[in-house]
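Before we start, here is the structure in question, set down as structure tokens.
Just so it is clear, A, B, C, D, E and F label the chains in written order, and each chain counts residues from 1 on its own.
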Amino acid sequence: MLEMHDAKRVAFIIETPMQNRLTGALEEAGVTGYTILPVLGGSGASGRWSREGQVGRAGGMVQVICIIRPERLEPLLEHTFKLVERHIGVVSVADCQVLRAERF
Amino acid sequence: MAGFFDLALANLGSPLILSFILGVAAALARSELSIPEATAKAMSIYLLFAIGFKGGVSVADHGFDPALAKTLFAGIVLSAGLPFVAYALLNVLTGLDRTNAAAVAGHYGSISIVTFVAGTSVAEANGFIAEGFMVAVAAAMEAPAILSALWLIGRSGSNRMDGTLWREILLNGSIVLLVGAFMIGLLTGKDGLAEIEAFIVTPFKGVLCIFLLDMGLVAGRGIRENRDMIRPGLFAFGILMPVIGSCFGAAAAALIGLSVGGTLLLMVLSASASYIAVPAAMRVAVPEADPGIYLTLSLGITFPFNLTIGLPLYLGVARMISGV
Amino acid sequence: MAGFFDLALANLGSPLILSFILGVAAALARSELSIPEATAKAMSIYLLFAIGFKGGVSVADHGFDPALAKTLFAGIVLSAGLPFVAYALLNVLTGLDRTNAAAVAGHYGSISIVTFVAGTSVAEANGFIAEGFMVAVAAAMEAPAILSALWLIGRSGSNRMDGTLWREILLNGSIVLLVGAFMIGLLTGKDGLAEIEAFIVTPFKGVLCIFLLDMGLVAGRGIRENRDMIRPGLFAFGILMPVIGSCFGAAAAALIGLSVGGTLLLMVLSASASYIAVPAAMRVAVPEADPGIYLTLSLGITFPFNLTIGLPLYLGVARMISGV
Amino acid sequence: MLEMHDAKRVAFIIETPMQNRLTGALEEAGVTGYTILPVLGGSGASGRWSREGQVGRAGGMVQVICIIRPERLEPLLEHTFKLVERHIGVVSVADCQVLRAERF
Amino acid sequence: MLEMHDAKRVAFIIETPMQNRLTGALEEAGVTGYTILPVLGGSGASGRWSREGQVGRAGGMVQVICIIRPERLEPLLEHTFKLVERHIGVVSVADCQVLRAERF
Amino acid sequence: MAGFFDLALANLGSPLILSFILGVAAALARSELSIPEATAKAMSIYLLFAIGFKGGVSVADHGFDPALAKTLFAGIVLSAGLPFVAYALLNVLTGLDRTNAAAVAGHYGSISIVTFVAGTSVAEANGFIAEGFMVAVAAAMEAPAILSALWLIGRSGSNRMDGTLWREILLNGSIVLLVGAFMIGLLTGKDGLAEIEAFIVTPFKGVLCIFLLDMGLVAGRGIRENRDMIRPGLFAFGILMPVIGSCFGAAAAALIGLSVGGTLLLMVLSASASYIAVPAAMRVAVPEADPGIYLTLSLGITFPFNLTIGLPLYLGVARMISGV
């Protein structure tokens, strides 16, 4: 069987105007691999919103996903915590497995 | 006054305003009618490009006007100054805390380009052509208000701005497009306009109809979801502030000696509140301010007010000032 | 008959139908050509707004027509009644179970607005202008068929409808837009039309071309992926049912005394099958019915049939009835 | 290190016309946090589809994601089961971890 | 409580021009259930990209997600490895749970 | 030479080129201005449909031209042959390895349809109407270059092509749309054009402006992100290769005896480099080649060069050849 390696999958749901700042913070934390997914809408402590109710980029959100080696989790969370803490949004971390661990 | 009611009725009976009302009604009735985000963005790019280009061509056509520099300066002063007026009014009318009041105030110094476009339409429908450079004034008024808002929040305000945010504000999509299209219009003049007139002039009003339908849907959805938030004090602010802002605009226009069209547009710029550039900046720099408040005010109350009642009112005043 | 073939050929040779055929061919050849979803939605908003608006202007222009109420009533009866005809025909021609047969039947009582728009185009190309209120009839015919379909499924049918679903059906995007634009046209009349004619009238046919290209791509993809499903009985139903429906429409039009254009459009509405409003309602209320069956029938068989062969056929009949 | 708390990530892939009903059921189950993601296409027991093959909203799907405290999983699934059972789509649950558990 | 069954969630982030080849390989591996999500942008060993920086479909990416029974993981990875290995992109596998295991 | 500078200045001063420059400038300044992907796709569908249709109508109008077959043949030879020229030039100017050099070379045999459209615009603005069939030649030149590139990579190249990839290349969206619209134009002729002229002809240049704005944004972003990659050798290749390609195109056009417009367009097709069809094929068949290199070259260097300097240069040469 193909060899799999343990990794962590960190998912940030964050406001669009913060996207570049988040990916910048990821790069500072040494994480160069991430993927940005569109978000249509959602609901949370700060209420409900949907992409159709937007004019311009003020209110939209995106999801940023990084798959990293387990030992990189702590620096990643530390570098991004300041951004995430002040702004609305959600961060979750899950275990996963990857092929070709040398790429992460 | 009779003149105002006629104007107001004519305004309300135009396909533009009726499309907006249709949108609001559909949203309040919770119809799932919606315009795709990409389409709304495409229409706003079209409108900005067209209005910028036409402004540039008009300046190229009429030559340099000494009023240009004065009006630009007035616009910047209005944008930076009106947040203080708004902040004071909010303190009188509402119980908003300092941060939220300052954030709201910033929106009212800045401008709504769609209200500006609708104002141009109303001016033209009544035979008044504004100075072409008003487009540049609109662009110049987007950003200064943000600084005033941050200053109002307190000393810490200045730390909230980093270089990135500065660049994002000054080079935000609508400023770049408006100013860029203005420059292209200025450089190519009437010949350039002739080449693309069939695209940027002829169907303009129709596109604006559909765009206002979308604005109505968005505003209506905002009203529906935030109706608990709209207490009498906030509501009164959303109506009074544009009227007060327009008076400042009218005074500046009278001092400079703008045409009726130009006076109307400077009033509209002063009266209108931002719902794109300023909210985006506030989300980054003042995340603790509640977007539900400032977006509902600017998009759900002030924008509809300006579009339906404000425009004919401001036009009436602009004509009075100029004695036309 | 020679007249029909000439008409059919002229119809087939128009850029509209050729664009549709191009789309079908590209999809069958598995080209990756595709129109973005947002663009398709934008075009359908444009077409609905334009056709609704023009209908309203035409009613404003010709004054109130007593035939309006009668035709609205006829439309509702046709929409509610045709599902029973369809259900009976399905029982004869196919082995569909009760649920699927009822779901399909509902689609054929309701309407396809694009077929209606194409019918308007064919009518105008042949010099027949339909009554402006036909747009309102189209809107009225969207929903009643859904009730009939649920009734056919059985007693439990009525439990399947909750208030939310009712609102979703009656306030679905296309009804709201069509009726809203109709009202705007009615209120603003010829003056309103003059303001936005360059947007909603002049480029209309061109936009319809690209929209039909997209419909062709979607229909072609549906045919390709569901080809196993299209057994002879279902195929025969997809062709026969619109012809039968159009006869009911023609009879009603003759009773009311509609113009040639109006007769054609009532025939087209009766002949066409829904592929937006009814499928969405069925997915919610009758999830056990197979969308592969009803979408393939209405979009893959009946829509292309109506567009290519049906329209000239119905126009021939409409002229015969009116002796023109 | 930043303290993490165990949570569950529930993902529903469901037809667009059911979206409002699902989020309504979530709210009934006391879940106010969720995110809606667009779906381009897919394949399952009921065949293949793609967003480009759609006219109108009948056939599209969306993904609804909720991150919840573990003890909320059971009521959530119970409240949504009726909707999910009758309609095509998929529900999956995975373990994850979140910062700031008080928000969930 | 509703009975849950263990499953695997495999996520491929892959270039758009490879999408049909990947779903074809999944079908060869006997997997008929998958969902395709849009991707707005990302960064990895081959640099950064965003959907707005695209003309045509050459450079875009999509995410393909399959939820499968654990015992299907190995054939799935084997059938898709060749595709994934030569092209840029990422594959991750995570544990999850599903209702109605008979559908997978 | 004076003639060339006048032409170049006129070209640079047109709203089309200025829109492109605005886009590049905005991207380099890192403005977040962007055109939604769906809108960009919609505009490219519009442009392809319009240009294909007009080409077909022109052929229908002028009757069959024996030069058609010759030019098609020349186009295929140019597309298949130019990659070898490009490969040799890359070996001289750059240190690219075999795979990357071959991948880049493939792009320069194929074509950029936007450059072609801009060329048509320049030709018309100067009073030269090209042969309508040039649209078909453009379609025919998309694919052959891909085969040459794979052959250059080596024996194994042929294994890289499977049936699916063949179909994807030959039936890619732009070829199908261009050829399909061409056929529709051919079948419906002037009557068909009259029906949809207000959509596909009148606003054409304006849409092209916005499309070039988007191309500028994309090209500018590409330049910004890949600036380290653009070493002098690659840069020189990106400028020299189109000039060399255009000479081959000019020679072929002179042999066939094309009009000034046709000569210009064959030069433009030869000079331009693909950034849609070929990159997609390369990602599938040659994943180890670096898209950063071939996209930056074709989109970031050659496309802007052709648009701003190339077009007037090629027009000057085309006029010289024809002695006009």
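Methods note: contacts are C-beta pairs under 8 Å (C-beta built on N, C-alpha and C of every residue); 3 or more make two chains touch, one makes a residue touch a chain.
Computed from a prediction, not measured in an experiment: that's the story for all the values here.
Looking at chain D and chain F, the chains that touch each of them are C, E. Note on connectivity: the fewest steps through touching chains from chain A to chain F is 2. For chain A, the chain with the farthest CA centroid is C. Most remote chain with respect to chain B, judged by CA-atom centres, is E. Centre-to-centre spacing of chain B and chain E amounts to 45 Å, using the average Cα coordinate of each chain. With centres defined as mean CA coordinates, chain C is found 41 Å away from chain B. Across the assembly, chain A contributes residues 37-38, 57, 94-95 that each touch 2 or more other chains.
Touching of two or more other chains is recorded for residues 32, 34-39, 42, 168, 202-203 of chain F.
In this structure, the chains touch in the following pairs: A-B, A-D, A-E, B-C, B-F, C-D, C-F, D-E, E-F. On the side of chain B, the complex with chain F involves touching residues 36-39, 41-42, 45-46, 49, 53, 167-168, 171-173, 176-177, 180-181, 183-184, 187-188, 192, 195-196, 198-200, 202-203. Those residues of chain A that touch chain B in the shared complex are 15, 17-18, 20-21, 46-48, 51-59, 86-88. Against chain D, the residues of chain A that register as touching in their complex are 13, 37-45, 50, 61, 63, 74, 77-78, 81, 84, 90-95.
Against chain F, in their complex, chain C makes its touches with residues 13-15, 18-19, 22, 25-26, 29-39, 42, 202-207, 209-210, 213.
Those residues of chain D whose C-beta lies close enough to touch chain A in the complex are 1-2, 4, 7, 9, 23, 27, 32-38, 62, 67, 94-99, 103.
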